[in-house]
Amino acid sequence: MKMAQSCLVVEDLCAGYEQEVLVVDNVSLSVAKGSIVGLVGANGAGKSSLLKAVLGYLKPSSGTVTFQGKDITGHRPDLSCSLGIGYLMEGHSVFPSLTVEENLLLGMWPKRRQASVVKAALERAYTRAPLLMERRKSLAGLLSGGQQRILELERLYMAGPSLLLIDEPSLGLAPNLVQQTFDRIQEFSKEGIAVVLIDQNVRKVAEVADYVYVLQLGRIRKEGTGQLISMDIENIVKAFI
Amino acid sequence: MLASRWKYAGFSLVLLFLAAVPAVANNNYLTAVFVSVLLFFILAALFDFMLGYLNIFNFGIGGFMALGAYTSALLAYHYGISPWFGLLAGGCATLLLGLFAGIITLRLRGIYVGLTTLFLAEFVLFALSNLREYTRGAAGLQVSSLPDLFGISFSRSNPLALYYVLFVICVVIYVTLHCVVNSRIGLVFKAIRDDQLGASVLGFNVVRYKLLNFTIASFFIGVVGAFYGNYIGILVPTPQEFGVARTTEILTIAYVGGRGTLWGSLLGAFALIGLQEVFSVVDQWRLVLYGAFLVFVLMVFPRGLAGGCKQLAAWITRQVQPRR
Amino acid sequence: MHFELLAHPAIVGQFIIDGLGRGVMYGLMGMGLALIFGIMGLINFAHGSFFMIATYIMYFVAVHLGVPFPIGIMFAALGLFLFGAAFERGLITPLRARLGRNWLVDGYVMTIGLQIVLENLALIVMGPREHGISRLIQGRMSVSGVILTNERILIFSVAIMVVATLAAFMRLTSLGRAIRATSEHPDAAMAMGIDVRRIYTITFALGSALIGGVGGLLLSTYPAFPTIGSDVLIKSFIVVIVGGLGNVWAAMIAGILLGLVESFAQGIASAGWQNSIIAAIVVMVLVFRPSGLFSKPISRP
Amino acid sequence: MVDSVLRVDGIQKSFGGLRAVNDVSFSASRGELLGLIGPNGAGKTTIFNMVSGIYRTDSGQIFFDGTDITNRHPTRIARWGIARTFQVPRTFNNMTLEENIRVALLQVNIVDAEATRQACAVLDEVGLYAKRHQNASELSGGERQLLQFVRAAVTRPRLMMLDEPFAGSSPGAIDCMVERTVALSRSGVTCLVISHDIVSLPRVCERVVVLLDGAVLTQGKLEDVREDPKVIEAYLGE
């Protein structure tokens, strides 16, 4: 992979909540424009912490994070996010007592002053997800889990990000919604958005991802293209149990 | 072992200092200063006993004091009961109030406990000023002075004798608190302070320990309040005497002294009251200094003067050790 | 007890009008406190002192310099906005940065420190003298025996305006949305690109500006005086606790309720006991409904 | 079943609409080392919280030594002899290590000099003796994990529940906890372990209960479970 094409480059990143034990231990990876990169591993392997370290929620102790040629290592999360990185955190992250529309509008925070852009983005979101149009005045907290996930995904897309970091999008969803979620993520990548995807549904991740990294105890133990990982999937998963 | 020997030596030295200086100086002004140092010290220590050891924010400590003071004064005024006995009676009345406050705040946490005690104290103050026929309200209640004992006069014209009464009260309270926090009970207090859930899965009954702490502290606050009434001679239920203003003064001394260290309160009391006496030319600046000191401590010395002393001691030990 | 007074419609009407008049003032006082608590979780013990500063600003701008009252009120609000922002940035932000999630207790002790400093500085600088005005506007009217001053009508309209403006700001502007989002889920707000530290500063400044404007508005009832703040603080606490800590709209309703209770209690019962009764009610609300009378109970996991 | 120390019988727990634990039953016998595994959100920690009384059980029963302990207060349950650790260590951070152990020893009526002696001995065994006068807040996450482990162990429980004890710990600390867990079980203490540490878990547990979406998927020997297609499927996703 050529550097010029890379949207996100992480080099030798180390981070931890304590000094002695690193939850992210010397991780290097790169994400090309428009590709989906999967991160798999057992619970506590450091997948979520890796995303947090990339965004600055967790301060890296060494290593670098480069986004579109710009060094963003240890930046405040809000600064990183306003550069065009969308982050879907684990668990639900809608603002429950704000309406659906207000949630979507908050997705446009960095571009809030451009009224016409905001309007267009809102319309685009409603066309794509008519359900949100229908319920745009209701409080986000009153939506079902699946609807909240749709809202979160559309909110991520509002400001036109070039990179999405998505953590466990299928957790707690019914099977048909899981498929829908993964479809939506693939659509993102078709539009040229780079995606880093964490999910415990390993088979699904291997299926949609162009490249997969397997993490164990904060380190990358294995990596390869989606197909390559798919072939060896049972052995990989056995290692989690 | 060496450390504890040093501690006893220090304790005795401080005791000697507090006992001897007013007597040697025999100066009414100095005695008055020492009285207010001891009063604020012991109240701040009691405040810290709740906050620093069990995370109970008692924002009504002024009102608790008022109840102790009024109980003792009213017993003497209406029923002629000796103020000596009143000291205990004041403590008991406040103990009941503390028990009540403890029970109703059991389910609450953090700032909610603070606000509940604050309004409970407001209630007490309002009630005291409203029961005009009984307490004389804002007109002020005359407090009879402590009767002579063993031929010594404890009237307000003999401040030195009153000082020693307070001295004894302080020593008793301090030693009790010290023993409690260094006993098994104190160990559990600290565990609950650090992690309530962690303590209860170890099998400790959090409720019982909280009530115990609250009642011990309240009893002593009442005793100190009763003494205070005898010392000032007239009781008026104003915020400056017994309300939010008084509570914030006590809180400031506890914070400046250092949370979670009882003796820190003595440092805090000496620092703030000493400072205020040194700058007595501009007496009005006293409380400004209090507030500024509080903000300063929060920003620069989160563990207060006691924490600073501990750091200094650690530094000295490090300097001394290599030469050995 | 004078229950017989309740038989006269005009007297009852007067009680209601008086109660509403006071209640709206209490509601206005509580709103700034509720806003800051609702968004940041911080109880601002210096709230009353902010009110006190505002009354002095109003007095000097409006009376000494002869500036019209509405502009004086704006000056008071603006002055407190800047003061609040400076205090939050200078002292609270570093505290939060150092202590992380455990900053709240030290945070409100910090505001206690500020309150002590402000109140006593005012005592030194201004002296224990009241500086006040008799009326913002003159005139009164009488509707079937119930007397209504123009000033009361003015305060009432301003209250409605403030509530409406604040609601519009919170609902319709992107900054308002960002403030609400931050109070619900700060981490997710950061993921939207919102600078959460700035939101906190703005919130604190807004809450301060609110009490600042109210201080200016109420100068005729609450003349500038160094310790005027302690009464305002207690009233604000009552309103905010009864309404539900952090609930800005409920603070207004609770304020009106408090005003009505006070007005009827003073009219019917002998004056004085109302304070004890209100304190007792507040304690009961804290114990039995800590989330306030008008909010859903906080679920305790 | 005769000597089952812990018996969980059809317990359920919902949070709002989400059913976190749905009709879970299993039992553990005296001195047994039982593992609880399953993907994220399977309800493992929720079960721990129900057994230790922190969460109320919606329905079902929990028996300990034949006594029904369902929905009893955590304090009562702890006094019955059930100790636990937490995924994020709950040490008393503003107390010294020695005090942390001594406060736990109070539960078994060991006080004063004897408590100090035992606390020192225990801390020495796990390699924390040198730090005994430091506050727990100065420890690393792994050391804190170790501290809460020994703090729970000194109360002489009959059931020990360990929630992710190996996560974030150094290899030395893990070895120490593995050894001590095995030793505890030899002395007759039943141990329940939640862990994802594929290296350490087999050193401790033979039998595991696999949970998925709040229900028991299967249980059995660890080796068998690992080969079970159902389990692999669960980890793969559908």
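For reference, chains read A, B, C and D in written order, and residue numbers begin at 1 within each chain.
Here is the rule we go by: a contact is a pair of C-beta atoms (placed from the backbone, for glycine too) under 8 Å apart; a residue touches a chain by one contact, two chains touch by 3 or more.
Please read all numbers here as calculations on a predicted model, not as lab measurements.
Considering the contact criterion stated above, no chain is in touch with chain B and with chain C alike.
Seen from the C-alpha centroid of chain C, the farthest chain centroid is that of D.
Our note on geometry: chain A versus chain C, Cα centroid distance of 43 Å, whole angstroms. Between chain C and chain D, the centres computed from C-alpha atoms are 50 Å apart. As a whole-number value, the distance joining the C-alpha centres of chain A and chain B reads 55 Å. Not a single residue in chain A touches at least two other chains.
Taken residue by residue, chain C touches two or more other chains at no position, since every residue touches fewer.
Not a single residue in chain D touches at least two other chains. Viewed as a contact network, the protein chains form a single closed ring in which every chain touches exactly two others.
Every pair of chains that touch is listed here: A-C, A-D, B-C, B-D. Every residue of chain D that touches chain A in the complex is listed here, in rising order: 18, 37, 39-41, 140-142, 164, 167-170, 196-198, 225-226, 231-232, 235-238. Across the complex, chain A meets chain C through its residues 55, 57, 76-79, 81-82, 86-89, 93-98, 102, 105-107, 109-110, 112, 159.
The part of chain C that touches chain A in the complex is made up of residues 174, 177-178, 180-181, 184-185, 187-196. Residues 184, 187-188, 190-191, 193-195, 197-206, 260 of chain B are the ones that touch chain D when the two sit in their complex. For chain B in complex with chain C, the touching residues are 57, 104-105, 107-108, 110-112, 115-116, 118-120, 122-123, 126-127, 129-130, 239, 243-245, 248, 251-252, 255, 284-288, 290-295, 298-299, 302.
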